[in-house]
Amino acid sequence: MAEYFGTKIDDIFNTMEQRFLPQGAQGVDASIGYNISGEVGGTWKLTIKDGTMNLESDVGDLTGCAVVLNADAETFVGVTLGKIDAGDAFSSGKVAVNGDLTILGNVLPKVFVPFTPVVRAEAIIESMPERFRPDKAEGVNMKIGYDLAGDDGGQWTVIVKEGECFLKESLEADCTVTMRMDAQVFVDLNTGKLDGAEAFSSGKIAIDGDMGAAGTSAKLFAKFEVPGADEKHGEELISLKCVPSINQRYATGPLMGKWFKGLKEKKFYATRCPKCGRTQVPPREICAACRVRSEDFMEVGPNATVTLIDTVYYASPDPLTGKIRETPYVALFMVMDGSTPDQSFSHELNPKDINRIKPGMKVRPVWAKKRTGSYTDLVYFEIDD
Amino acid sequence: MAKKKKNRNVGIIGVGQTEYSSHKEYQNQAEMVNEAVRYALADANLSLDDIDCVIHGNMELFEMVHQPDMWHSLGSGAFGKDQLRITTGGTTGASLVCAADNLVASGMYDVVMAIGLEKLQEGHTTGGITNMADPLWFRHLQTGALTGSTASMMIEEFGEERAKIAAMKYRILMDKHACLNPRAHRRLGLDYDQMENLMNTSPKLVGELRLIHMCSQSDGACVMIFASEKKAKKLSDKPVWIRDHITIHREETFNNFGIERPEWTMRNAARKLFERNGIKDPLKYFDVFEMYDPSAWWGLDWLREFLLLDGDEHLKLLENGEFDLDGKLPVNPSGGVTASNPIGATAMLRPAEAAMQIRGDAGPQQIRKKVKHALASGFGGTMWTVMVMLEKELNW
Amino acid sequence: MKRIAICAVAQHKCNSNQWDKRFQGMLLDVLEEIQEQTGFTFDEDTGVRNVITCSDDVFDARTISDNGVTDVVGAHYRGEEKMAQEGLNGLGYAMASILAGHDDVIYLAGHCKESQPESRNVCTNLAYDPFYGRPMGLDFLNVAGLQARAYVEKSGLTQQQMAKVVVRARQWAARNPYANATDQVEHGEVMASPMICDPIKSLHIYPISDGAVGFLLASEERAHEFSDNPVWITGFGCCMDSYFMGDRDIASNFALKKAAGRAYKMAGIKDPKKAIDLVEVMDCYAYQQPMWLEGLEFCKDGKGPKFIDESGPAKYNVNLSGGMLAGNPLMIGGLYRAAEAALQLMGDAGEHQAADVKRAVVQSTTGGAGQFHTVLVLEQ
């Protein structure tokens, strides 16, 4: 099977059970579909419910899933390993998501230990010449045979001669010592998951030939480092969260003060520039264009004509409350009745009108039942029909 | 220059940029500043002793640091020196270039080093931008710098298909340029055959403004060194001259979407700048335009404004490849803002990259034809514009 | 010598809680006053094309805080640049813009409302790096305490002398219509006020203040169009010290001496004691008055306390505005100092006018414990 970044697609799915965190899955009820394209792709359906997971492969039809992740194999593996930036992959269309995108971000990190590359016997053996320590091999000449059984197994001979180390992809007849075991046992021995002496005494390892040489051979090679383990043993990124919070007391000034008072009375006040006559709503101390104080109040609206519609899909936090806005919502730009045509006023649209609203339509304000002279007095606008 | 003659000319003699990327976890802000400062000094072949004044700019509320130039002095080299701090939102980087020009031209300083930086990934960008709106009324509605208004206006004017294709083509062109720029943050490797797919499947942000169209949020710093004409000629064999600059702001409120719409500040600034410099045909005059394009839609729309074009002239130029590297007027050889956006530095990258184009050492994104006249723009606030004109020769 | 003109100044009276106006309203008052004094316009050919503002995003709790003032400083379809340090630096930058030839008339306006955030100390805590200084709880008040302690050790400054400074500040503030804290205090009252940050007592600390201030600046050629009696900026210098308190000799006035040296040099001043008739220092805390006066060379190192006892401040017309101690907001404390100095030079300082003022020096700080100083020289 093809490998990307040293990992097979199957590794990611085959390790899901062992990486599953039941405690993180409490209260989760989700079905996630994976639609991986390419030769080594496939379809998987992951169902998480009642604190357990169920993974089906070759599903074919993923329509029942709450969210489906579509990607080619290389991108999928790359993003999973962090070798490809998820944001870039998403922006450039290499990863496409149907359904509720938030499930991927909210559920997956809670229910799984992050995937780290599966270590294979082959990789360990192939790294032996690199890990060879000539300073420990003075006067040592030997041939170490490895006969590993299983799917990821194979036969190799590691030759140590005159301070150098070579690898052969076959089992030589004249090995000084030959070690036979299951490939997974070999991996576990080299990744610290299994103790050598225990494995030997429990019959997991068979050694033919010079036992002493077996012991010596271990000292000739530096420890195998699991890729990605460097980040664990190296510097750890420590994250401290600190939320500075400074309450603010804003003055409205007399003009905005009158505006808010007006809202309480279901009225919209504007100021009119004494020079150019433009109406500013909400009222502002000065006409920015004429640079003269403008304090002539007048009423405008309450209805308005829509000039521009912005349908917002991106949920951003409200900086005053920290709450994430519900999307989609529509930001309306409108010219109030009685206002000069060059001055737009903006507010939100009643969600029920999202599909009907068009520029040119008339809208009317919807007021809160209880009004206190604040922003919340004006709930939104809706189509006036 | 407007009324008076400039007291003395100012040349750019050094440019330093960090790579632009996602969160630089390995560097704090002062260290990142220092990296760019070292590059700029090396580029100019100067030491800190040669710098008379340091100017600094970033939008501190993104990183939530009060008076950050104080902390950044650890890396800026401002110790013992004059130091000023100018911050104007998205236009900060360009304002710093204008300020450096003023400071050196005045005779008060001979060599000024300007530092623009941001570590956007140390804050919430959209939240930070929303925070620019008045807290009592307008903040509730604003969603950062995101709006679909330009897209809907362009769709109305040119038809949905042509407009969407043009915006996508522009976006892909920017990405192709970014892929040449070793410092660019996002190099997506897009191709024109993805246009159809991307313009219909990229998630919508606001209206037709989709994720693919929008600028990145980057960490990075840019530093430029400026010197008086006399010193620039002595210290550098390829100084780039600042011919003129203009800043045009707009009132506090986004009230400009009424039935009648005002002239955009881009066109207003361009008109004034070109008129007072006797430039009748900017498309012909300039050899490169590093434009601050926060989204593909804005970038495309503003090309018409900046170049004082009409109708669909800008679309035709795009469709005919005239904004490509080998076109009539290459736009954003660096990849522009959609590729890299460290806000406090972004507007400085524009004149920085333009200056390198004039010098001929912009790297893989270098334009083949000789570059003698460059234009750079900055954007920020409530649709503010800053424009800077750079020249290879003192030709005015 | 190169110089630019201050044609007019306008100060908004400082209050501890200007609840009835938002800062836009305060700035509009200032603009109108300047327009009334000078008749200047924003005409693109004959008037102001570029504006310099001074404000702080953290104190305003507003990203791009200059965005909020655009309308009331006339920057609509004009240029505007925000000077994000203490405002005195804005005057230096205006000087550069005019001397460069880029502009010949500039309007400069600064504002700050310390009453808006619930704690100005939490605001300044954010000036410290997030990893060490901030969690330790450093802010401009307690680092001032550290500096005050170091200065006391070096110079022998006493509580009595600090009380003298405060009493005198209030006496002068009472004659300044723009000052905030004009209540008179007795020596004993200051001495008995609660210890806030040893050796800083509560009455040594500048009161929380809201304010706004504006200037009209012009080139030499055009100054006469706006004023019969302009005042000239002839010297400017500023300087940055190290950031970490432990890296600095915090009683040494390192940055102030350099800044003053550069400003005096530009203004052609060799002996400030002889050349200067009036001084305005930004004394946020009482100990800073004698300390900054040392840095400005009005007395020798360590002799600030003696200078106080010998009535040096009276002799040199120090802080006839009442100084920062009488209450101005942090980010524009220096601009208020410059406004006072300008009025004195113009002869418009009313009840607190000094005689024969021909040359003045103005100082401000930015950052904690005077990490950054700015000095301006003004003359008739």
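Order of writing sets the chain letters: A, B and C. Residues in each chain are counted from 1.
Criterion: a residue touches a chain if its C-beta (ideal position, glycine included) is under 8 Å from a C-beta of that chain, and two chains touch if they have at least 3 such contacts.
What you are looking at is a predicted structure, and each value in this text was computed from that prediction instead of being measured.
Visitor: Give me the chains shared as neighbours by subunit A and subunit C.
Guide: In this structure, the chains that contact subunit C and also subunit A are B.
Visitor: Using the touch rule from the top, work out which pair, B-C or A-B, shares more C-beta pairs.
Guide: B-C
Visitor: Find the chain most remote from subunit B, comparing centres computed as mean CA coordinates.
Guide: Using the mean of the C-alpha atoms as each chain's centre, the farthest one from subunit B is C.
Visitor: Centroid of subunit A to centroid of subunit C, CA atoms only: how many Å?
Guide: Measuring from centre to centre gives 49 Å for this pair.
Visitor: Once you find the CA centre of subunit B and the CA centre of subunit C, what distance in Å lies between them?
Guide: Each chain's C-alpha centroid was found; their separation is 34 Å.
Visitor: State, to the nearest whole Å, the distance from the C-alpha centre of subunit A to the C-alpha centre of subunit B.
Guide: The answer is 30 Å.
Visitor: Among the residues of subunit C, which are close enough to touch at least two other chains?
Guide: 61, 70-71, 76-77, 123, 125-126, 130
Visitor: Do you know which subunit B residues sit against two or more other chains?
Guide: 64, 131, 135, 251-252
Visitor: Please list all residues of subunit A that touch 2 or more other chains.
Guide: In subunit A, the residues touching two or more other chains are 244, 248, 250, 252, 256, 284, 288-289.
Visitor: Please output the residues of subunit C touching subunit A within their complex, sorted ascending.
Guide: For this pair, the touching residues of subunit C are 18-25, 28, 31-32, 42, 61, 70-72, 74, 76-77, 113, 115-119, 122-123, 125-126, 130, 134-135.
Visitor: Give every residue of subunit B touching subunit A within the complex, in rising order.
Guide: Within the complex, subunit B touches subunit A at residues 22, 25, 64, 124, 126-127, 130-131, 135-141, 143-144, 146-149, 152, 186, 188-190, 194, 197-198, 201-207, 211-212, 251-262.
Visitor: Please output the residues of subunit B touching subunit C within their complex, sorted ascending.
Guide: 1-7, 28, 30, 54, 57, 59-62, 64-71, 73-74, 78-89, 95, 98-99, 101-109, 128-129, 131-132, 134-135, 246-252, 265, 268, 380-382
Visitor: What residues of subunit C sit close enough to touch subunit B in their complex?
Guide: Checking each residue of subunit C against subunit B gives 2, 45, 49-50, 56-58, 61-64, 66-71, 75-85, 89, 92-93, 95-104, 123-131, 219, 236-244, 254-255, 258-259, 262, 266, 366-368, 371-372.
Visitor: Please give the residue numbers of subunit A that touch subunit C in the complex, ascending.
Guide: These residues of subunit A touch subunit C: 242, 244, 246-256, 284-286, 288-289, 291, 293.
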